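Some structures are shown below for you to check.
In the two assemblies presented below, chain A is common to both, partnered first by chain B and then by chain C.
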Partner chain A sequence: MTTEVKHITEYPVYAKVLIGLLVLTTFTILVPWLDLTAFTALIALVLASTKAGIVMTYFMHLKVEYILLKILVIMVLAIYVSVIILTFSDYIFR
Partner chain B sequence: MDHIEMQRDDVGAKLGMWVFIFTEILLFGGLFLVYAVMRHRYTADFHQASLQLNTFIGALNTVVLLISSMTVAMSITAVQKKDKRMATILLCITLLCAVIFLVDKYFEWGHKISMTLYPGTDLMQSLKHGYILFFSLYFFMTGLHMLHLVIGAVILVIALTKVRMGLINDEHYVLLENGGLYWHLVDLIWIFLFPLLYLVT
Partner chain C sequence: MTGNTNLHEEPSYLIDTGKRKGIMAWLTTTDHKRIGLLYLWSIMVFFIVGGILGETMRTELFKPGQQFYGPQTYNAIFTLHGLIMIFLIVIPGLSVVFGNFVMPIMIGANDVAFPRLNLFAWYLYILGAAVVVISQFTGNGPPDTGWTFYAPYSTQTHTNVIAAVSGAFILGFSSILTGINFIVTIHRLRTPGMGFFKMPLLPWAIYATAWIQVLATPVIGITLLMIIAERMFHIGFFDPALGGDPVLYQHLFWIYSHPAVYIMILPAMGVITEIIPTFCQKQIYGYKAIAISSLAIAGVGYFVWGHHMFTSGMSKEAIWTFSLLTFLVAVPSAIKVFNWVATMYKGSIDLKPPLLYAIAFIFLFSIGGLTGLIQGALATDIQVHDTSFVVAHFHYIIFGGVGFAFLGAIHYWYPKMFGRMYNIRVANVAWGFLFIGFNLLYFPQFIIGIEGMPRRYFDYLPQFTWAQQISTIGGYILGIGFIILIVNLFRKNGAKATSNPWGGKTFEWQLPSPPPMENFATPPAVPDNPYDYD
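Here is the complex of A and B:
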């Protein structure tokens, strides 16, 4: 039987995380209005990735999870990023 | 035979959920990749087509999902603190958010369907290739996301029932944790869907 150490995250922590996420969402909506053309998509992706990182770290409790799980998550993301790079390098330089 | 103990492996249960989430990330990841390549190819069409989407509804749904993500995470804290009433309230708020999301989607999709702006109609056939691709991807990705949201809500209803029955308690709450993880996945996918579909310029 595997027992877990109980991590209790207090309510205010979650509330602060939500406020942070809402601020980032506001930025996400405002960025296209700034008309930065080439950088809009890039900024949108950076903001979305930041938000996703925050959700995974705090809401999904990766912050307090064991190291092996963190490594697994990083590996899956690395696999996905390499697939993106491979696809685009194939598509652009074909 | 008085000492029959249930075999419990919470760490294993959660790892299993994570492995499932990995497959989901790659499933949606594949769709995002198709979207990225097509957007790269039909930039102007994608931009024009995305203007048809209602940014306000998209933004509202983003906020609704973020709030629901917080309440579901808080419900775990409530269960850990043996606060059954709080856990119930928080899970009910989460489910309410799910309903609001679906109602928004009903109006959003309903508007497009009433305009016959969906794959297979004469109007769609007459549009440029990039438009057809955009709307096909839009309906498929938001539809698949919506399916996940409904499944997540069903899991949370089960978790809520078990919290009420005392089957999920401060000693045994891995089902709620896994249901929560799934719910956060629904949120994660939307975090990427929203800017990509609604805010492409």
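Here is the complex of A and C:
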């Protein structure tokens, strides 16, 4: 039902993505040492989500995929974010 | 649906034409129709086991006190009954059998997108089922937690929880793989010219279901692994003694298990949507509303899990939010019910067995849905929580809904699957036994539930005896109905089925009965309206 999209990503882009991921991983390791109390988990989740987003965008070629697939991925992320907010709001109000 | 379906001259898919013959041909098949039947046979065997377990529970409950087995055995049996019925039958059920058999044909495809993955998913299903069965006979005895594996009890009981949880984990993988397969199939293999809004409504329902399978099932997988981690390594996820939170388990469990109810019911609604226009010879009322309501149910259904937890100690704010969201999910469900009834209005109604099951579905599902609102409302839920009222509501939705839709689907597509007819009169009699037996079995549970009969109790007070006895008699009538139904479907002297015995319009009715191995020689032509009866 769809036409194939051919796209070649340059090696320097992959290299930059790799460096970005390594930097974020370093932050992930450092965050627990900073003792940010309740924010530690939140920052760790944001960092992990950012890394996952970068992997999906470049290594899994989401950047060059057709629009429907991007919408589906955004929809999935929206559901997961909503589920996490609903769950943890219970803990905040309890 | 009219148009040139460009038939093959090939023999039926039931005839072995490859290198392998007999059982080996079936066990190595990648044909979607054969895999659908592999699931059908497996589910039927498990259903007989689960049904017998249910009948023994009803017999035990015929009178107060112990009849022929003790409370620990009773706990183990209702756990196994729940595990089999939920994880092996109704969650995969309609989706794997009819999603496999008819969905690819309905969208004009020759198979699913990943045929080998499809067969692998069936093997995972069998492996998961085997592990669940093994859990009953190994370790320190069968699990006694109920199918929900609620923590912290499931992390502390000495019974064989780890094996049962591992079985459920493997079954989850099977479900995810099937979901991915169906999503890709519907996106990539629709016949040219078939846009989403030219697709029949069963594939729409299967599509919405597949998304839930892919997105929700990993949550239960992780949750079950957390139980194993807590039991084996004493990591404090759920046990307060280890610093955990039992309410977190309930959140995680129901984040999957409430959407799982829609994994069960959405394909059932898709089946009903196919049966009604055929036996009313009338275009479906509100095609787009039904299609979009499937997605709406799948979407909103993610956010209502907390209604299983109103008495768990959740915050008031969370309770109010989940109650509101629960009432919202009733809207798309009601849209479907109104559209089915509107389709029947002034239709040329032909009361054949599939339509009888469809009408029973609407009646029973409506009772189940309306009693669900009683539990969605905060004040009344406190009264009926953990009583047999919940048992009745649940069975009206799952058995009265999914179960009757499954039976309707079998009676609808049976001629297509096997190329022969069943005895219509006997099928009607079986339906009568099932409908009467079902209501006798479960309706009294509503009444004694409101009066305070707890669920999952081995014994009860004498004032509940009358209702328990009616339920047990209903259970036996239900069992007789199933025996009649199975004998009728297994008799081999049925008349040969024509390609379109019911006058259906979707693609499968244009193929011979049974269909050839490769469904279409060339892509079929797509009409503007998949239900063009007018």
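Assume the second predicted complex is superposed on the first by the 82 of 94 C-alpha atoms of A that agree within 3 Å, B and C clash if a C-alpha of one lies under 4 Å from a C-alpha of the other, contacts with A are read in each partner's own complex, and residues count from 1 in each chain.
Operating definition for what follows: a contact is a pair of C-beta atoms (placed from the backbone, for glycine too) under 8 Å apart; a residue touches a chain by one contact, two chains touch by 3 or more.
Because the structure is a prediction, the values reported are computed rather than measured.
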Once the structures are superposed on A, label A:V17 by its partner contacts, choosing first (chain B), second (chain C), both or neither.
-> first
Where does A:L86 make contact in the superposed view: on chain B (first), on chain C (second), on both, or on neither?
-> second
If you stack the two complexes on chain A, which partner ends up touching A:T9: first (chain B), second (chain C), both, or neither?
-> first
Residue contacts on chain A - larger count, chain B or chain C = B
Regarding the shared-chain residue A:R94, is it in contact with chain B (first), chain C (second), both, or neither?
-> second
Is A:V76 touching the first partner chain B, the second partner chain C, both, or neither of them?
-> both
Chain A positions touched by chain B in one structure and by chain C in the second | 1-2, 76, 79-80, 83, 87, 91
Given the complex, residues on chain C that touch chain A span 187-190, 192, 215, 247, 251, 255, 299, 302-303, 306, 313-318, 321
Chain A to chain B touching residues, read off their complex | 1-4, 6, 8-11, 14-15, 17-18, 21-22, 25, 28-29, 31-32, 35, 37, 40-41, 44-45, 47-48, 51-52, 55-56, 58-61, 66, 69, 72-73, 76-77, 79-80, 83-84, 87-88, 91
Touching chain A in the complex: which residues of chain B?
-> 5, 7-12, 15, 18, 22, 25-26, 29, 33, 36-37, 40, 55, 59, 62-63, 66-67, 69-70, 72-74, 76-77, 80-81, 177, 180-181, 184, 187-188, 191-192, 194-196, 199-201
Chain A - residues contacting chain C, complex | 1-2, 68, 76, 79-80, 82-83, 86-87, 89-94
